[in-house]
Amino acid sequence: MSEKFSRRDFLKLAGVGAATSAILTGCGPASRYVKREPYMQMPEYNYNGQSTYYATTCRECAAGCGLIVRTVQGRAIKTEGNAGNPLNLGKTCARGQATLHGLYNPDRVTDPQKRSSRGSGSTQVMDWDAAIQVVADALKNNKPEEIAFLMGMAPDHLFDLVSDLASATGMNAPLRFGALGMFEARATLSKAAENLFGEASLPFFDVGGAQVVFSFGANFLETWLSPVSYTRGFAGLREAKTKMRGKFVQFESRMSQTGGKADEWIPLRPGTEALVALAIGKLASEIRGGAMPRAFENVDPIDTASKSGIKLETLEHLAGMFAGSNGALAIPGGPALGQSNGLAVAEAVLALNAISDNFGKPGGVYLSPLAPNQSEYQRPASAQEMQEFVQKMADGKIKVLFVHGVNPLFELPTALGFGGASKSVSQIISFATFPDETAREADYVFPDHHGLESWGYQRVATGSAQPVLSGAQPVVSPYYNTRATVDVLITAAQLAGGSFASALPFKDEVEFLNGKVSALMGEVDGSISAPDLATFMAYFQQHGGYWKNSDERVAPKAGDALNREISAEEAEFAGEGEFFFVPFVSPTLAEAGANKPWLQELPDPTTTVMWNTWVEMNPETAHELGIENDDVVRIVSEAGELEVPVYLYPAIRPDTIAIPFGQGHTAYGRYAENRGVNPADLLGQHFNEAGDLAFAGMKVKVEKTGVKKPLSRLESIMGVYGIGLGEEH
Amino acid sequence: MVTLSDLKISEVKLGEEQTGKWGMVIDQDICTGCQACVAACAMENNITFVGEEDSGYGRSMHWIRIERFWEGEYPEVKMTANQPMLCQQCGHATCEPVCPAFATVHSQAEQLNLQVYNRCVGTRYCANNCPYQVRSFNWRDYQRPEPLPNQFNPDVTVRRMGVMEKCTFCIQRIHKAQDKAKSEGREVADGEFTTACAQACPANAITFGRVDDPESMVSQLAKRSHGVKHLEELGTLPNVTYFKGG
Amino acid sequence: MTESKVDLLAVFPDLEPAANAIEHLRSIGVHDECMNIISGIPVTEAMLGRPSQWTNVPRIAMGGAILGFGAGFFLAFITPYLYPYPIKVSTQAFIPGPPTVVVLFELTMLGMLLSTFLGVFLDSFFPNYRPMKYVPEVSDGKIAILVECSHVEEKKVTDALKKMGAESVNPAEAQHL
Amino acid sequence: MAYDKKHAEHAPAGRHNGHSEEHLREKHLMLDPLPRGQMNDMVMESMLEKPTWKYWLVVGILSFIVVYFLFYKWSILIMKGQGEAGVMRPDYWGIFLVNTVFWIGISHAGTFISAILRVFRAEFRRPFTRAAELMTTFGLVQAGFSIFMHMGRVWLAYWLMPYPNQRMLWPNLHSPLTWDLLAITTYLLSSTMYLFLPLIPDVAMARDRSTGWRKTFYKTLALGFRGTEGEWTHLRNAMNIFAFAIIPVMFSVHTIVSWDFAAATRPGWSSTIFGPYFIVGALHSGMGAAIVVLAVIRGTMKHMKYFIRAEHFDAIGKLMLIISMAWAYFFFNDYMVQWYGGDKWTQQLLHFHEAGPMGWMWFAMLICNVAIPWAILWNPKWRATPWLVGTVGIIINVGMWFERYIIIPISVTINRMPFTWRLYEPGIEVPMGIGTVALFILLYMIASKLIPLIPVWEVQEGQMAHELKKFGRETVVSVSELE
């Protein structure tokens, strides 16, 4: 029975259910009593129809939050968080809410397409048999090592399938990449954890249990690692239910949404994060007494104060705050790590935690638990690994490139040369749901279902104390003529024969999934258990996945975290120019939200700008340069230039400018196209020791253009900034 | 026909005695300004998006917006606590009496400030008279291209051009919960359902419930000393309590 | 038709002779009821020594005011009860105090002014497009006296009017104005 | 018709120097009687005069503006929604309501002149009561149009009428807008009736001296009026009732309009003085408009220099000066109390008025409404100069339009939610507002060819009542009370 419960059956069942509810509510006896209501009542007093709720996983980012989707008569109406899922406990972010605008986006890829020439808009609709034959031929007619898979960051079932395929056939192992990972500097985080704790894993910061949180650039309330989970942690930090209201200090050169919530916001000079962390460590150690740990020995707080632009008193005050608390926690992240010395920053900040001795304790640092069916931490590719891959493409070593769930032409900095290198790849096949830039440069687009139309699972990389495997199931039948990429690959592999066929001996996606999940049946302490696979899978889908009931966070072994030398060098900055350049991920759009109209219309949390890109500039600096709000300026870096309107941002260093990442699409549908700019165009090829892009390590020039482009803001410039109200009062 | 006895029952207590029924508590200290509530509200209530030009000209349709201001000058600059602003469902609502068409009235059952779209003729007096400026007007016939309308919530009217709208405290959810409870012969339990914004909020900064029930979570929270109601001095008797800081 | 009457229309150039003529007519036995004055400006009865004219306009106006007040009362005090359930706005009383004053006032005034206007129509039999006895000269400031008398008296009256300075005395014939 | 040419050219009368009989007669229409027949002919001729090409050109241009700017743009507005206009949050109310208040204000002059001056027997009113009443009706038409333009769903405007309906709804009598509807309807109906009643004898006169379609037209309008004792009595009674009753109606209209604002919970609007302030403001603009109309009629229509003389401009000029002072008094009263109150939002608003981006308008308003009228109208010679007072009239109207603009879109910019403050940028309202002005002028131009603009019988009545009397050596004008 279990093997036969395919998607088709499922949809049939769903259809019967919908028809039944339609009969019961809509076209049935009730409709005989239709009466004309006068305009006395609000229509909201009357609701109709029965809703059906399905648990699935949010695919908007790689965090893997559980969703419950409300559907009515086969239409998805509303996404809510899955209260059972330990990662998000019933909550969602704005992107999770807007996922329906992806599902019902007017600019989806509706059919398999063959492009007449790369980059052109003219395509030819194919049928799926022909499409699968194209994939099969690509697999069969090329050497396995000439075939590569580029995928999104999510460690999901497709990744497992392609990994299996690759290991069985000698294909290149799939590369997972995403701009979010790049801007989070995930590789640096796990490298620092490896250096300090001997284990390459994603650290888990228990913000909720802490008393004092020092965040060095980590934008954990926005897009960082697992924003919903960290926001819950932040609420725990602040809520004075069982403890004192926790304090939060943010170190960054440009106030992020996260920094906006800080009790103290410390605008340090970019590049001095490691220095500042070590100086605070030194001062805090002095307060705590005892021997000075080796890590802090070489730092001079006075010198640090002058280099970082933070007053010595402030450093001492902060050190006192950190040392004086029993629950102090230091978090490295974001732009602080995306610099030439990013690894040192991460190590220095992680080492700070040793002072409060919080490793593996509530309110401290853990290592994220591995997901239930995971044996080791699977890090997404760093930018340097991507660069190596691009080099391979350019060298002609890749003949066939499959792209799924990622849009490298947009997400990778132009300087890495993916666009140029792709010309040396003879066949590019995209599985994109939306007509993004990479799909436009692909020879074929074989659209995958939207996440809400798909089966699957996704491992939760971090954010939950319990290991979580979040399950996905279709909540609606596919709206367009799309097909699950897993199904396409399984069929194509069988057509290709040989090792391909034997690597994927499945009937369809569901069978593959069942096989993967069935291993969990025997585990103890799971959220669900069942005697047979069919029941287990039904529970798995019903509850939105499988998780352990116990806290399996790992306490890091931090024996000598402080007993090693940590480099206190300042970061090096590339390029000429008077401004430090901080690109940051738009908290509402992130890397792939630009095609969802309601995400576009969400005001940016810090600037309230909608539908566009802006550059943040300190008002004092702008005044000196004769620049005003909405003036379009040209930003020139060593790698490129772009023109963008100015937002006079009161909370940014005068020597720094910042641009959000998320807009600047040249494809990707009507809501995203030709809107704003992509700050990744300014980034050069500079990496830190962990291989992450030194995206915050650029210096840029600002030139006036004399053009004005009014930004759409929700806020009132008059009311918030007092501009245009008349002279001072 | 209304009989006199009906009226006696519905006689609304004046001034301070007036109590709401449904209310909300918003903790600004933990609100991160992430806009999840805004998106959730838009998705639940079929709110239209208006595009770059109109949204930049004060015509966005958000039923809830997150306000933030700045304090101090760089480097001592601070972002003030995010302030989600939505219809306060005033007990003494200034918007209600001024509508010539009875399009915005006080519901007796829910003690909410209703907006009856099909009665609205678009004088926009209510919005003008709202001290909180939380009403949105359908300035144009904003089109949502196919297949976006598939996502429409069938429980919520899709508003067309020329009609005022505003936060309803997700009245469709209130009714659904009440009907469910009624069919099961019980009262609606506290926390059994909540509004779209409160449900989405990752920080749990929004709590919704019965303010006339002293045992409910929202009543318990509202008793905390640092709760404030916005523009209370106008005598609007708002039903949303804010916690400003820690 | 032995008592058949004839209408004479005498045109006077000014007030004074007209007033004299009226006095004279009265002295030769023509009743006030048998006379009518047509003028291009509102000459008062007193100027011509005529009895006061009866007019219903103020009464009709008063009646209209009462009707208007009634309509206002209906709107202000009755319509709120006509809904299927009581509609409350804000915490304002079900039947608001001051606003009812506004409604009562406006509708009373509207009723009064409408009926005043209507009163003119009713009292003057407007609109009236039938043929009527008239000389256009009156709109040039002349004053015309319309005398109703029997055939027997026609000559006497004509002479008297002529004597008193009438520019012309003619039997009046109804004509389209 | 030859009346003495010198009347037309005589210099604006200054003081009563000389007091010679001849001079007084020259000065005062009431002392300068002409035979009624001659006056009738003059009025008829002014109306029937064959329009010049200039007239047709102006009518053509105005018609184009009305058709394109008013009706075509309105259809665009209805199809595309209020988004075509400049309204948004927080400026939910814009120029449409500015125009509504403005036109209602203009309409007040007609009633003021023909009712209040009639009640108080101000004799100089006689020749131009009609012209002023026409302003009332035509102004209210524009006000009505403007209010409908403002509505988001104008096709449902009838929902505001009180009548039993399927919606099972009656209008909300708590709403100042409902009062507005009642008051403006009452005012429009009664002022139209009040325009019509005194017109009856004049159309009867016109009926007696016209032929063809005009004869039919006037005959229909005259309703069979002959001028019998009874007709006059009814008419006079009715006019008396109207003259007294329409005054409180007029006051109530603009007071209720002011309540639209004063009843709102907004800084700057919640003012108890708004009622009289608005009424005085309405009279201010209304008088200004009346004098412009008089100056134009006098300058463009035949024989009007006989009927409308320097004395009339002088008299209205005095009224304008007094009203301007009253406006300044109310303005300052309102400003002072708001300023003293110290509410932070009101402070902000006052500051925004003066120093904000539209501060120029605030100062221009004071210059137009106070400084210029005071500087010019105190001088009897100047205020008796038609083109000069006419210009002042236009300036006052600009100033009063600014006043309403400041009260509505500029004031609503500032509210208690600074996060929403936004400056209003008008859109389609501007052409449509110009369209209402064009329609007003066009209606006037058409009316001037159809309706006797001078109430001849009233003029004659006045002339009968006036005489010169000698007190010792001095000749003075004396009036007898005829009614």
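Per-chain residue numbering starts at 1, and chain names A, B, C and D are given in the order in which the chains are listed.
Simple rule for what comes next: a residue touches a chain if its C-beta (ideal position, glycine included) is under 8 Å from a C-beta of that chain, and two chains touch if they have at least 3 such contacts.
Note that the structure is predicted; figures quoted are calculated from it, not measured.
Core chain by CA centroid proximity to the global CA centroid: B.
Two chain pairs, B-D and C-D, are compared here, and C-D has more C-beta pairs in contact (counted per touch definition above). Our note on geometry: chain B versus chain D, Cα centroid distance of 44 Å, whole angstroms. Separating the centre of chain C from that of chain D, both taken as means of CA atoms, is a distance of 30 Å. Here the CA centre of chain A is 66 Å from the CA centre of chain D.
Here the CA centre of chain B is 62 Å from the CA centre of chain C. Looking at chain A, one finds that residues 38-40, 714-715, 720 touch two or more other chains.
Listed for chain B are residues 57, 65, 67, 69, 94, 96-97, 99, 102, 119, each touching two or more other chains. Contacts with at least two other chains are made by residues 80, 82-85, 87, 89-90, 92, 96 of chain C. Contacts from chain B toward chain A in the complex involve residues 27, 29-30, 32-36, 38-40, 42-44, 49-53, 55-57, 60, 62, 65-70, 73-75, 77-79, 82, 107, 114-119, 145-157, 168, 171-172, 175-176, 196, 199-205, 246. Contact residues on chain D toward chain C in their complex (touch as defined above): 35-37, 40, 162, 164, 168-170, 172-174, 179, 182-183, 185-186, 189-190, 193-194, 196-197, 201, 204-205, 207-209, 219-220, 222-238, 241-242, 245-246, 248-249, 252, 256, 457, 460-461, 464, 482-483.
Considering their complex, residues 166-169, 348, 351-352, 354-357, 359, 413, 417-423 of chain D touch chain A.
In the complex of the two chains, the chain B residues touching chain C come out as 1-2, 6-7, 10-15, 18, 90-94, 96-97, 99, 102, 104-106, 108, 237. Note for the complex: chain C touches chain B at residues 80-92, 94, 96.
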